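To start, the structure itself, in structure tokens.
Chains: A, B, C and D, in written order; residue numbering restarts at 1 for each.
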Amino acid sequence: MGSKVTTMRDAIAELVRDGDTVAIEGFTHLICFAAGHEIIRQRKRDLTLARMTPDVIYDQMIGAGVARKLIFSWLGNPGVGSLHAVRRRIEQQDPEPLEIEEYSHFGMVCRYVAGAANLPFFPIRSYYESDIPKVNPNIRWMRSPYEDGTEVAVVPPLRPDVTIVACQRATPEGDAQIWGLLGCQKEAAFAADRVIVVCEELVDESVIRRDPNRTVIPSIIVDAVVEQPFSCHPSFAQGYYDRDNAFYLKWDEISRDPEALDAWLKEWVYDLESHADYIEKMGPAHWESLKPEPATSGEVNYGRYA
Amino acid sequence: MSDPGYTKSEIMIAASARLLAGVRNCFVGVGLPNIVCNLAQRTVAPDLQLVYESGVFGARPERLPLSIGDPTLVSGSTAVTSMFELFAYYLQAGLIDVAFLGGAQIDRYGNLNTTVIGDYAKPKVRLPGSGGACEIAIHARKVLVIMRQAQRSFVERLHFRTSPGHSGDPEHDRARGWWGSGPTNVVTDLGTYGFDEETGEMTLLTLHPGVTLEQVRENMGWEPKVAPDLGETPPPTPEELRLIREELDPEGVYTS
Amino acid sequence: MGSKVTTMRDAIAELVRDGDTVAIEGFTHLICFAAGHEIIRQRKRDLTLARMTPDVIYDQMIGAGVARKLIFSWLGNPGVGSLHAVRRRIEQQDPEPLEIEEYSHFGMVCRYVAGAANLPFFPIRSYYESDIPKVNPNIRWMRSPYEDGTEVAVVPPLRPDVTIVACQRATPEGDAQIWGLLGCQKEAAFAADRVIVVCEELVDESVIRRDPNRTVIPSIIVDAVVEQPFSCHPSFAQGYYDRDNAFYLKWDEISRDPEALDAWLKEWVYDLESHADYIEKMGPAHWESLKPEPATSGEVNYGRYA
Amino acid sequence: MSDPGYTKSEIMIAASARLLAGVRNCFVGVGLPNIVCNLAQRTVAPDLQLVYESGVFGARPERLPLSIGDPTLVSGSTAVTSMFELFAYYLQAGLIDVAFLGGAQIDRYGNLNTTVIGDYAKPKVRLPGSGGACEIAIHARKVLVIMRQAQRSFVERLHFRTSPGHSGDPEHDRARGWWGSGPTNVVTDLGTYGFDEETGEMTLLTLHPGVTLEQVRENMGWEPKVAPDLGETPPPTPEELRLIREELDPEGVYTS
């Protein structure tokens, strides 16, 4: 197994293609903003963006014009309010329409599970008496073939062309470990045709091999590995840095005004070469301020069976 | 009306927390529900286990969480689970006793809209959508709603039914393999409501001190059903106020 | 949340009832022999035993007459051969018939998942052209409601009355952590009405709270917690003790002969009060010989967010 | 026949290992398949990743594993997964390139019986059953069978079809959403077989050195189809024998 280590630029250039369905997953935690920025920077177009909780990074990407469609279950700036660029496209087709396909959280999760497990549908006890199936013909109904005859909703598999997963640490081959909130990254990665792993730290495989139960994404499904510290800012990486809440609040202002949004994209994405520039521009004091005190896990004993 | 010595948020929190008496576990949101659950843990429900939609159990946050995905919820918690397991093995399996919901619109049967104001295809306001609310409404054993009352939010007819409440038809109500009993209580800035067991209709149970039935009528889109023994919501106790102000939200983020 | 700590005797007496469906799960790892022995000792009857891989403990239980039915996917003494007591009952109805209901591994796993997730059925791409559905009418067929129209098998939920899970460590409330092979213990536990957790070590909740991602069974579904070192012998507990392979080989001989089997049960189960006696009778040198050298996991940092 | 300098097991291992040339990953069993995979890793398939049905990836066992669930497989591996994820996300999703199967009976189309000898309801011999074999037969991209040949095991008619091979009907064969191509090779103590691409019938490709076609016929329940260019299995090389004897099974547990 060879190393799959590459740069963010090359990973995005080679693995994300115009027209692709792309999932940058993460439930508040480990949202790979740096990958989203690189997609913007490379001016990818006509993407279908999938994500349970499109938040600020999808507002930025959609504001930058990379997407024609959004598949989601909750749309917002968590704890703050709306995604204004997304809303402008949905409410006013400004500057162009945005196709949407919406589910509930569990519906989205089950779509990824069906994609990961190669199932043609996944059953879910949801959507009863809700209007969601009325606006989404992909949500259908099936009846249990057993005596109970229970009626359940079903959702179809979601198979992104590319899933991008951020993690705390990975080997050059792509075995990736995550702790803290797990969201649906594993399912979204297994469901995808191509997987990019972005890690805070590249580690030797001996580190991973000491604790194999902590591996969430196995190298067998990984196409590229990018080492990129702070790739999730302004979201967080458990144990590495905190959520930059001030930025989430600031984004609310920026995204209300299309010109401010464009100016922000120019200053923080287009005019920078890479996330390294973003880190430098933000300044070391900022990163220092987001760093938590240590709280370590303790160790367990796997035993040596020789 | 003279200053009652507490804010509208504070009486909403106190009234909601008391509804958790004896409850074993609860799906917590951010904002008011978070304070409500923490207050209940310290008063009427000492064994209450908080479950976060982000997949955290037994959280011991060292600061007021900014979102349900705050890292302070993870550090020192007893378990973290994937979203699939959270929704499948806990919520859909009927393990969640109580959940909180809210929305832009609610109707008299407790149905909620968090999707759009206006037409779905060309919305006036695009709201966040379901998130987990549709499943929560269906499977949490009890659903509590905390919302401020107004004509535009307590409506005769929802623009979109995101999360089902009751159907208004006792024969048909929640008949298809649901686990929850639907919305059981609504706490607003004006009073508290239950739901009629037969018809599933929202029923005013208590008015907050100083609030009139007329104010309630002015702030909802239908003629409210009123309990025959309409009472007054007990105001927050000094101990409840102390906990809210000193321990749970000392900066008054949610309660001022 | 109060402590749920009890003795094995009380846990089995109170939570396992004649006629129950009982699952003692574990895929070669963490198989709770001590619970099986206590069920034998208390002469429970008419149980339906469920398990992916009925092995030596189920041969002992079935040989002792606790069960009327077996639900399974692979029947054998792993790496050794047959389960002779089970075979006598299936092949010769000796001393009485044993009803069987059989699946493949994935079918059993999906039955537990459906039970855990409260689904009326679970779809699985299996059993095509196999004779298994011909002898098991619980395996049925459904067609995808989407354009592909793929035909899949479905299996019904399995909801044990009691699932017994062994783990390395747990708190008195029942938050249980497992590392090493995970089998389908989590799914079997969530699917069950009642759950007994048997731990090698009872630990303070502070130990669990330092590494919440390692928790496999949450206290919310646990009814009783039993601290019982070596409860999995002759199977193993990763990091605590090795598989006692000599016993698996010896069992092949014992179980071929009904009298030898009865004598073994008398000596090692009925005549002992508890697993503590079993440990003492086996002698400290035996336990010492099964202990691996340490191989620790290393630590991760969760961070303190105060 | 003079001593060829290797055992039947050793030529079966060597012939099987060569079939793994260039393969990326493989579902490993205990016993012979384990030795086969480890030999292939050291010879024709240096990048071969071993996946154990117990849920272990990238194992680096410090001793010869006694079962697929041996703790020595876990310590120092790169990942451990639950059975659900293993079967759903890896096998059913088509990520497994090659798997090994065996059985008490095989027919000319590679269908396998690991369930019963005799009638299902009143079996003469109750065998282990499917385990994961039924799914493996359906979803592994290729299935290799390693079995000793005999009249009672290479049969005209299975007593029970546990794991599907080919149907014998090219129109119908593996038509319903399968991911694997079914059994591709059988390695026995007498020779090696492929499967006819059209009919799915087992076809003798090579005889092991010193074995006659007559011996093959004596040890199977149907008239074997023989490749027009029937060849001889290359014997194990000295390096293959050294690896097997010195590194992989020094105690001769599986190879003597």
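Rule of thumb we're sticking to: a residue touches a chain if its C-beta (ideal position, glycine included) is under 8 Å from a C-beta of that chain, and two chains touch if they have at least 3 such contacts.
Since the model is a prediction, treat every value here as computed from it, not as a measurement.
Centre-to-centre spacing of chain A and chain C amounts to 37 Å, using the average Cα coordinate of each chain.
Between the Cα centres of chain B and chain D there is a gap of 58 Å. Chain B and chain C have centres, each the mean of its CA atoms, that are 40 Å apart.
Listed for chain C are residues 113, 118-120, 124-125, 150, 152, 179-180, 182, 186-187, 210, 213, 238, 242, 292, 295, 302-306, each touching two or more other chains.
Each of residues 56, 70-71, 74-76, 80-81, 88, 92, 177, 179 in chain D touches at least two other chains.
Contact topology of the protein chains: irregular, matching none of line, ring, star or complete.
Every pair of chains that touch is listed here: A-B, A-C, A-D, B-C, C-D. Within the complex formed with chain D, the chain A residues making contact are 1-2, 113, 116-120, 171, 175, 186-187, 190, 205, 208-210, 212-213, 215, 218-221, 302-306.
For chain D in complex with chain A, the residues that touch the partner chain are 25, 47, 49, 51, 56-58, 60-63, 70-72, 74-81, 85, 88-90, 92-95, 177, 179. The touching residues of chain D, when paired with chain C in their complex, are 30, 53-56, 66-71, 74-76, 80-84, 87-88, 91-92, 111, 115, 120, 122-135, 138-139, 160-164, 167, 174, 176-179. Residues of chain A touching chain B in their complex: 27-29, 52-53, 72-76, 78-79, 82, 86-87, 90-91, 102-106, 109-110, 113, 124-132, 135, 150-152, 179-184, 186-187, 236, 238, 242-243, 245, 292, 295.
Remark: chain A residues 118-125, 140-142, 144-146, 148, 150, 152, 154, 156, 168, 177, 179-180, 182, 207, 210-211, 213-214, 238-240, 242, 292-306 touch chain C in the complex.
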